[in-house]
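For clarity, chains are labelled A, B and C in written order, and residue numbers in each chain start from 1.
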């Protein structure tokens, strides 16, 4: 078998993932911290103030990476949900459900920072502009997935049902997005694009990208930590989990 | 031996569910009363000024109809689960998605269609301009089946739960946002004298997609819930 | 028939059938076959997986491993040929409808055997005169009899009956045994669960014992 495929197969086994994730978590947190430090330095000190919005635009450096992560976490959840439903891989169920609260938190931060930015820019804490409204619907979708997951007694059945809901959400998300855009086309045009020529100055762009790296690293670190705990709970009766316990506790039976 | 065909199975299911609604026809009136009461609350809260009411009429009627349907959605599979009929449906040799499609159709026919029929009354209560009424009727006719279809998938996911009412609302409402936006938006556009066909066509396209996908998705969701 | 004489093809065959929920084995691995004309009793204590086994055999649940073959074909395909009738813990009847309306729905869904009508089926389970009474007004035992009448109507060769004797009086138990006999004699087969409280009146059926997993 192809070594990459083999590695994925190995990764799918809970004990291997448990130790693999355990080794990576400190590195991921470390990279996230360093990247965040660099990014915030660039965002707060080297990037010039916006000629229209002044210093208030700097909240974009939190707002935009979090908005990206809100969507990224949802896609990550949906892809893992799909794998969990089709191939019934336990690790994918765990990863999908572990990413839901993190994505919801990022989406929530996006809404709060968007609202903070709205006060000096639009003069009000909340406007029903297209992107904020889409983010709000996204947050509700997250709440639906999390609510369904916690409402079902059987952990694995709950994960499959919630993963299914996440998939329906993915089909629906573009429709929501376009309906909201049609409904309200007031928002300023997109200013940042990773693919096409960017409309913002390089000195303003690099902190943004650095912070995007930081949020991604934080996402995976947090995801791994959550998934490790969830796997321990799910596999509590298994041999490999017992082996992790201190020897004094296992010698009773 | 004479095995039952799929079409006779669908007819039998449609007949049985219609008969059940007829035997409990008192319950079937509840969504209508709910929608009328909700709509009647708005003038009481906002005052009887014709211009204010006419401005919010279409949106209010839409929200009232969606909420009324949502309340009745919870019961879509509940009695079938409780008396074992749902097991019989799943075990039956016919495609489950088709049978669920029949049940969704009955839900639409017995809750949404009466709501659409009384929509002119609701429109009158809120002083909706008469030229907007046809747009409202068309928009409701396109948006209500969407709620039945998407709602059925969510009900299938929550079918085993004892108290699923609030959760069901949480699952369905975000998914149904576009139906509300396009439906009520088309009415508002018509009221302001703008073109309103684009949002209606969007609704129609989404409806066609949902008619194909939603029964299959509901069948898959039901399998997950019953496992 | 072209099948070899030494091994006639079984109506139902389970091959190392196993069902686990969340890595916890509910039953299995099980190997057994059921031939036409046979009635087999599944025995086991509460929690030994009797109901789960019937659900797997009827296609409600997917087995974790192993296969179920109906007439030698995998279950999902064989399901198309209207082979299985399931009578679960819940009768699957609507209390708002009459006995006759419930049976008409069942025949619409599953088809009907030649030479029998819903009226005749109700008469043969001892419910003559109750055809048009809403099921709500009947007793639990009478509802069970309506569910048994459904088995008579629907053209399924394999009956999967979960606790068929529950809620029945002496004559009702006799009725179940007579129906099983009749079904076996015309070439059908039945798999029934019981926690052992009821004995068969005629003959000793083959038994499959399930042990509760620790």
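As a working rule, a contact is a pair of C-beta atoms (placed from the backbone, for glycine too) under 8 Å apart; a residue touches a chain by one contact, two chains touch by 3 or more.
Just so you know, these numbers come straight off a predicted model, no measurement behind them.
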item: Topology of the chain contact graph, where touching chains are joined (line, ring, star, complete, other); value: complete
item: Most distant chain from chain A by Cα centroid; value: C
item: Chain nearest the overall Cα centroid; value: B
item: Chains most often in contact, by C-beta pairs; value: B-C
item: Centre distance in Å when chain A and chain B are each reduced to the mean of their C-alpha atoms; value: 33
item: Whole-Å separation of chain centres (CA-atom averages), chain B against chain C; value: 37
item: Gap in Å, rounded to a whole number, between the CA centres of chain C and chain A; value: 49
item: Sequence positions of chain A contacting 2 or more other chains; value: none
item: Interface hub residues of chain B, defined as touching at least two other chains; value: 227
item: Residue ranges of chain A in contact with chain B within the complex; value: 137, 140-141, 143-144, 147-148, 151-152, 157, 160-161, 164-165, 168-169, 171-172, 175-176, 178-180, 182-183
item: Of chain A, residues touching chain C in the complex; value: 154-156, 234-235, 237-238
item: Residues on chain B engaged by chain C in the complex (per definition of touch); value: 1-5, 8-9, 11-13, 15-16, 19-20, 23-24, 79, 82-85, 87-94, 226-227
item: Touching residues (chain side chain B, partner chain A) in the complex; value: 150, 153-154, 157-158, 160-161, 164, 167, 170-171, 173-175, 177-178, 181-182, 185, 198-199, 202, 206, 213, 217, 220-221, 224-225, 227
item: In the complex with chain B, residue positions of chain C that touch it; value: 58-62, 79-82, 84, 86, 88-97, 101, 104-114, 155
